[in-house]
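First chain A sits with chain B, and in the next complex the same chain sits with chain C.
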Partner chain A sequence: MAAGTIPITVELSGGLEILFNNVRKFDVELPATTADGSASNIDYLVKFLCDNKMTDPRRELFELNNTVRPGILVLINEADWELEGEGEYKLQPKDQILFISTLHGG
Partner chain B sequence: MHPCAICQRSRAQIVRPKNGQKICKACFLDVFESEIHTTIIENDIFPTRGERVAIGASGGKDSTVLASVLKTLNERYDYGVEFVLLSIDEGIHGYRDDSLETVKRNAVQYGMELSIVGYEELYGWTMDQVVDKVGRKGNCTYCGVFRRQALDRGAKRLEISHILTGHNADDVAETILMNFLRGDLPRLGRCAEIVTASSTSTMKRSKPLKYAYEKEIVLYAHHRQLDYFSTECVYSPEAFRGSARSLLKELEKVRPSSILDIVRSGEQLLYKDIGPSKKTPSVASGDPNQQSTRKQTQKQEGPRLQTVGSCKHCGYMSSQPICKACALVYSLNKSNALVEVLVTEEPS
Partner chain C sequence: MEKFSLGSENLDLRKRIAELEKELAGYRSGAHTASNGADAAHPQSSDDSSEAPASSVQDDDDARPVKLDLDEFRRYGRQMIMTEVGLDGQLQLKRSKVLLIGAGGLGCPAAAYLAGAGIGTIGIVDHDLVEPSNLHRQIMHAVDRIGTPKVTSIITSLNNINPYPRYVAHNYALSAENAIDTLDRYDLVLDCTDSPQTRYMISDACVLLGKPLVSASALRSDGQLVVLNNPPGEGPCYRCVFPRPPPPESVLSCGEGGVLGPVVGAMGVLMATEALKVLLAKADRKRRRKPAHLAVAENSKATAASDEKDTHAQDVKMKGKKEEGAEERKFYMTIYSAFSDTPFKTIRMFGKRKTCQACSPGATITKESMKNGSLDYVAFCGGRGAGKYPALTKDEVIEVQEYQKLREKNEGGVLIDVRDDVQYGMCSLENSINVPLATILTLPIAAAGEGRNDEAEEAKAVPIPSWLPRDTSTPIYFICRLGNDSRLAVQRLKRSGLVRGNAIKDVNGGLWEWSRKVDKSFPIY
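What follows is the complex of A and B.
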């Protein structure tokens, strides 16, 4: 692992994978700190994914108001992100982050 | 680590939107299923043992969860009913053909009979052909009118008179908001009902997931590892519903209980209690799934009554001389489509 990065696994489901060239699961080396020096959290991960991994130009389908778009569920190691501080959760090595869209047809 | 609020033992993994309760996976699956059972019992959704009931199945999350939960509950509580999966093939390449593959797998997984009815056989037009003809604006109107009748016809063919749909609390709240914003009183009350028998159809329709949050449906599918299909229809911007949906998701973020609060409010706004007004809303209806009753409300003071006749063309039940589906097909077969049909939604 490169110095100053956190290795995590990102998984996309519920139709979100379409925004990422239909890739459902991939590993990410996330910079450990953001530009202003604070520890990388979920909100930063979302920005990082939009800047580096997303292939669809419609960024607002994933990110809204600098966090995850409402209607997309986030599971941090299989637990609801609401239990972990939501966008403020600071990522740890080997975290599994799952984004599931609830916005697609039933 | 948060301990589960129910069993006090395992790690909490889910925060319930309706009450903020933090619970573990096993307790979540249990409570999700029991609440749907309670909805079924309290609303007497399966009054007759031995009845065959259709589940409108699209392969998406809601109908997949519905089929899975109903199979579990029917075995656990012995409702004594038989479920049949009923799917509509709208003829949308790259969308419905893929999702139908999911339904076919579901039929095997849940041991249910599957019946598929297609727009092409019923109307002579696939949605792909409709879009080629009318363009991408307004094509959802055709699809909605065709679907409602197609489900009825598919069920009738199976000699079934009760269709279950996967509408969840979020869907119902969205529709309530839309009807509220449109000022559509008659629909406002009806869209919140759990069991409906339309005036133009003898078919009973029920929504067993009416009180289930979309979030919990998705989490249930995830934790049970259900096989569902989640690509958006290639033609489906549905702009107005999209706005209602975004508003609802923002509300949920601020106050998760707001979704059920809207559903409960909608239930209180029954048309028969409010009474019809002589001054009826003049907005165009964008929801082709339900019959407009504007004309009836203008004629009558009391609760609306529709006379059910049959369509002169296809013989299918209709409150008008020609049913909406036939009117749309007629316009497609003529050269000038779309706009005129939308305007003359209620042929007089």
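What follows is the complex of A and C.
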């Protein structure tokens, strides 16, 4: 899986780790291109995580309309993904992607 | 002899007090014009359960004269000697009116530190009563106040910490209709609530009224903190950060998901810090007295500058720099993840959204639309959890007493407890088995058309889980903590098509009802 993959780190926070068997941080070798040959972006990473890493069957708690569901902040190297082009952002080796569920308790 | 010495000591003390008061008067006139207009030094609190009297919070006036008495100097000295505070800062805090919405896990510690710091007026909105399950984290409430309103309980504790601030009790639930009137009388708002709809509502009201908003939240071992609409009109609002609400099924309260006391406590304490930062930024530093040597240096510098012809160019340069700085203003969110190796993170946020419904030039939300109730925050957030759990038919539900009778006759069938393993480990009914809801939700879904052979065969190919009865006569009962997840389980098992013939029922109200109506010795949590 070495050639043609992008090594990135994924971190989960705000309770999202529960969907991933309580693992908060893991490395991912993400295929460099999607099935149709375009470079892998965040939306593809979300799908990849649902297909390969998520242990909870409730996919809708992470993915909605082919991107991350509302109420989850995505941070690309500690900056809001909207500063980087949101779901279209093309992943680079060693990127740190953090998914944070919004909390409402108090 | 003793009498005499006490008397002379008394005299000395009086002299000393007079000296200090004289000194203080001088100090005050340096910082502010001496005036006795405001007598905020008297401990007081007022109840605003009904409509507020117009006089309850005075007009906004940052220059309103306030003063500190000797006890306050001693009380606030430890923070006043900080360069970030000073006399000007302390007077600014005393002049300030802060509203905390929610007297729970966030509101308690935040209020304690704000009261301690000497905020002039502290308002608290909450309509709940103190419950035993609050006490592990809501540190301003107490055992002997269980069952009493949270606002009165918290004000009792705050008065014990500091009797100087004016405490205003708003003993009602904040709504779109009353939000504008409630918030309008304060300078700064702290959102210590626990639902997405109140968070959107409070943010909208703050934007419309031009008030900065300190917002935090916590669940389990995580917390989030952000200062919004700060400065008003410049900083992003809650809708800028979260333009679309989360689906209701993903929203968990502390009661549902659990929360660690010090985690929510830490977030509340951070809120107090942010609130003090916002308020202190308004203090008039220019009136701070300069040390003699600097005052002289500054004077001569001013004269020198006025001699130079180039001052205009310099001004322009300075102005340019300032504007550049304003453009570069960055907004951050602090996130706390207690069990992570690096528990604190500060992340850079996108900032103000050009299409924001609340704070952009094209905003559609107005004071009127809030006040007249045409904005439905509950609906915007997908309803009050309705639809989250399926409605079951009469045949699919059994009451706890009825189920107990069946158990006595050994006709209890298979009792499946769908709570997670942690909760099941805390307490469980005898002879129940534990299959968490998350597992039940992984069951396959039967093909809709029964007549079609290929699909029926596919369904058959799925192995039947070991925890399901093999015969078709044993009834299956689902139970959980409150009777919601068990309903989902009933619905889901039926849809799987794995069970043929067996009755599948939900034990109505779950273990909560069981404890209330069948076995009082069963723990409620």
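Assume the second predicted complex is superposed on the first by the 101 of 106 C-alpha atoms of A that agree within 3 Å, B and C clash if a C-alpha of one lies under 4 Å from a C-alpha of the other, contacts with A are read in each partner's own complex, and residues count from 1 in each chain.
We take it that a residue touches a chain if its C-beta (ideal position, glycine included) is under 8 Å from a C-beta of that chain, and two chains touch if they have at least 3 such contacts.
Bear in mind the structure is a predicted one, so any value in this text is a computation, not a measurement.
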By residue count, which of the two partners contacts chain A more extensively, chain B or chain C? C
Return first, second, both or neither, reflecting whether A:S13 touches chain B, chain C, both chains, or no partner chain. both
Between chain B (first) and chain C (second), which, if any, makes contact with A:E60: first, second, both or neither? second
Is A:C50 contacted by the first partner chain B, the second partner chain C, both or neither? neither
On the A-aligned overlay, A:D80 touches which partner chain: chain B = first, chain C = second, or both, or neither? both
I'd like to know which partner A:I100 touches here: chain B for first, chain C for second, both or neither. both
Would you tell me the residues on chain A in contact with chain B in one complex that are also in contact with chain C in the other? 13-15, 70-71, 73, 75, 78-80, 82-83, 98, 100-106
Contacting residues of chain C [partner chain A, same complex]: 102, 104-107, 191-196, 199, 216-220, 222-224, 241-247, 249-254, 257, 259, 264, 267, 333, 335, 337, 339-340, 345-350, 438, 441-442
Using the touch definition up top, name the residues of chain A that touch chain B in the complex. 13-15, 18, 70-71, 73, 75, 78-80, 82-83, 98, 100-106
Touching chain C in the complex: which residues of chain A? 13-15, 24-25, 56-58, 60-61, 64, 69-73, 75, 78-80, 82-83, 98, 100-106
Mind pulling up the chain B residues that touch chain A in the complex? 2, 11-15, 22, 25, 58, 60-63, 166-168, 170-171, 214-215, 217-219, 222, 230-233, 236, 245-246, 249-250, 252-253
